[in-house]
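Just dropping this structure here.
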Amino acid sequence: MDDPVYKVVELVGTSEDSISDAIDGAIEKASRSIRHLGWFEVTEIRGAIKNGEVDRYQVTLKAGFTLEGGDAG
Amino acid sequence: MDDPVYKVVELVGTSEDSISDAIDGAIEKASRSIRHLGWFEVTEIRGAIKNGEVDRYQVTLKAGFTLEGGDAG
Amino acid sequence: MDDPVYKVVELVGTSEDSISDAIDGAIEKASRSIRHLGWFEVTEIRGAIKNGEVDRYQVTLKAGFTLEGGDAG
Amino acid sequence: MDDPVYKVVELVGTSEDSISDAIDGAIEKASRSIRHLGWFEVTEIRGAIKNGEVDRYQVTLKAGFTLEGGDAG
Amino acid sequence: MDDPVYKVVELVGTSEDSISDAIDGAIEKASRSIRHLGWFEVTEIRGAIKNGEVDRYQVTLKAGFTLEGGDAG
Amino acid sequence: MDDPVYKVVELVGTSEDSISDAIDGAIEKASRSIRHLGWFEVTEIRGAIKNGEVDRYQVTLKAGFTLEGGDAG
Amino acid sequence: MDDPVYKVVELVGTSEDSISDAIDGAIEKASRSIRHLGWFEVTEIRGAIKNGEVDRYQVTLKAGFTLEGGDAG
Amino acid sequence: MDDPVYKVVELVGTSEDSISDAIDGAIEKASRSIRHLGWFEVTEIRGAIKNGEVDRYQVTLKAGFTLEGGDAG
Amino acid sequence: MDDPVYKVVELVGTSEDSISDAIDGAIEKASRSIRHLGWFEVTEIRGAIKNGEVDRYQVTLKAGFTLEGGDAG
Amino acid sequence: MDDPVYKVVELVGTSEDSISDAIDGAIEKASRSIRHLGWFEVTEIRGAIKNGEVDRYQVTLKAGFTLEGGDAG
Amino acid sequence: MDDPVYKVVELVGTSEDSISDAIDGAIEKASRSIRHLGWFEVTEIRGAIKNGEVDRYQVTLKAGFTLEGGDAG
Amino acid sequence: MDDPVYKVVELVGTSEDSISDAIDGAIEKASRSIRHLGWFEVTEIRGAIKNGEVDRYQVTLKAGFTLEGGDAG
């Protein structure tokens, strides 16, 4: 049996409400097409400002999943 | 017409309550004297500990704004 | 009198609920055996994913405390 | 409505002529199959040398685009 | 004729035996669906420990390949 | 006589045409209010994409100048 | 029940024979006094040279383990 | 009452004599126009060489101060 | 005979007088409880400012020592 | 037959005109005494400013070449 | 007597067989013209891929040696 | 006339007395064989410890000089 191999994709989740919501949104949307997402790592926390307030959080994360029969490219 | 130029300043927001409040506080205070703040990026999340609990979050961020006629220095 | 010297330890707090809870948990547990914890710095925010949702946040932090008579090793 | 989520891909554009051409080529080629490319960031500028002259620029960049119904993997 | 453009993917190979086997496994599995893999770069060497011994090496690497007519996303 | 002290500011120049124009624009605009700009260092090269083409280069740079009698803040 | 908290220690394993042996040696020796070592990450690969040959590999790694009732300091 | 917010500025102190003098000079000069400077961090130690000797140390540092009513820009 | 294994601890020395004194103080204090300290590496030079002058240097360093029969945790 | 070994040297090219010219100049000059230069990587883009304009680009690059019979030192 | 001064050179060793062989090859070749090589540090592990397999490991390392009467340039 | 091109070499100066002496020693020794050394940058401050005291400072620095007719390799 093969040793497991994982692929890592980079995503940016966004939310008007919180850093957590931005992370959750990215993972939820990615999991619609990726099975077996296993872990994530936050690599950047940014945001847009409007009228002197945070308008939208933008959280960049890397997410890893088991590479099965599908396309690694 | 000139191409837009932005200036980036580094701020540290603090809050006894949460990372988000520390970010919000820094942006709110900066926007009192800076017009047209457009974006921010978190570069460091630290905090003070007292009696075995987080006493105060200290979040360093860079914030960018449109450089108009004012002083770039 | 000696100048103060601090020691820095690296911890990973975890929580199913939030980044803040993961930080709080690590500091609370460390403070059971370390007196005089003074500050922390977040160095990594990761997490486990299960069924397309964040299962557990894992926050790595460095925490500093005053080195007194105890073992520096 | 969902908050927007973006995916980031890493590309290396090449050109015998200039750094800009290498960037343009990577974006042009990626946009044939990716709709809604929104931004890029240069992460590395390298090149091959032949006979004591730059033979080909190789510019690595990350490019972000809106993740819609497609495959996030 | 177009200048060549490459895409870079991030993979994690694993092996109970060695760092090399983890690299080989990731490249072998990726090459089943990616033609023209040309180079790799190791970005992280980690591992799991069980009973005081290395249980499994986990080697993160970036691998580049020629982007042809396929999907860049 | 005092030893010279310099202040460093962070700017983002933009241009639809080239990386060089983005650098030039930032320096030219900053020099309207800062005397004695002496050097710069590029820290980031990004850009916006529209319709599969580079729409605008965004080049972040740090620029240093002699701190004289003025406000260091 | 508490959420698990981990402590991370930094070790340097050495071996005259191979990088793997240096890693194994560090983990084996640490596990004599640390229960529940769970993972490691290599942060540096160095070595001493004698007579134009590698005399000894020195591999720095971080190793994490579950923090139980013991001393976190 | 507001939570405190700090601003961080980047300075380069210089001295023909020592690294310490370069740091002291930058802080002394900045404090003429900035009240409430609270901390600094050295980010770079460079220098000019003349006739095979250090001619002048150039120490880059970031210095933080309490942002009060003044201009954050 | 076992190959030597080293442990690395992170310390912050402080001094009102100089960077060197801060380093010396950290090593002197650590050596009271650690035998066989062998090397150190400076990772950060910071300081506190009071009344426009350096009040106290804070130098972070990593120090390595031979791991013998003692507790690696 | 030996496996090829390369040496990497660090150079700073300069030009009043463009980043590319600075790169070209460094490679052209180095190739007068180094045979078999094979690749380069840009590690820093800086410049001098005079009268509010870029006076000279300074581009640091690493360049690799095949190590043959010559002096590796 | 002078305090010892070392010079550090950057090399890339290659091998079709293993990471270790690539390191050994670089050190062996460098030692033909450099006396007193004392230590090395691996800074990059890359490789070429052919037909879905590692074709050649390329390991970049820095190697230090005592600077004696020879040419430091 | 050619635009100036510089070469950068990496050196480690050592001293039993101070960081400055280690820097001075490296520059003094290098200048015996390199003409036109123009600048340096400290990249690492380390040291050896003996009997609980700093035994010798080891300061790594990069030093740049004008590349003239000589050997760039």
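Letters A, B, C, D, E, F, G, H, I, J, K and L mark the chains in the order given here, with residues in each chain numbered from 1 onward.
One rule holds for everything that comes next: a residue touches a chain if its C-beta (ideal position, glycine included) is under 8 Å from a C-beta of that chain, and two chains touch if they have at least 3 such contacts.
Predicted, not measured: the structure shown is a model, and the values here were computed from it.
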Mind listing the chains that sit against subunit D and also against subunit F? J
Fraction-based call for subunit E against subunit D, same above half, different below: different
Which of C-I and H-L has more C-beta contact pairs: C-I
Counting a repeat as over half of the contact pairs in common, which of F-J, D-E or C-I repeats D-F? F-J
I'd like to verify one number: the distance from the centre of subunit C to the centre of subunit D, where each centre is the average of its C-alpha atoms, in whole angstrom. 38
How far is the middle of subunit D from the middle of subunit J, if each middle is the mean of its Cα atoms, in Å? 24
What parts of subunit A, by residue number, touch at least two of the other chains? 7, 9-10, 19, 32, 70-71
Pairs of chains satisfying the touch condition: A-B, A-C, A-D, A-E, B-C, B-F, B-H, C-G, C-I, D-E, D-F, D-J, E-G, E-K, F-H, F-J, G-I, G-K, H-I, H-L, I-L, J-K, J-L, K-L
Once bound in the complex, which stretches of subunit I touch subunit G? 2-10, 62, 64, 67, 70-73
Interfacial residue positions of subunit H with respect to subunit I in the complex: 19-20, 23-24, 27-28, 31-32, 37-42, 63
Once bound in the complex, which stretches of subunit C touch subunit A? 18-19, 44-49, 51-54
How about subunit J: which of its residues touch subunit L in the complex? 7, 9-16, 21-22, 25-26, 29-30, 32-34, 56, 60, 65, 70-71
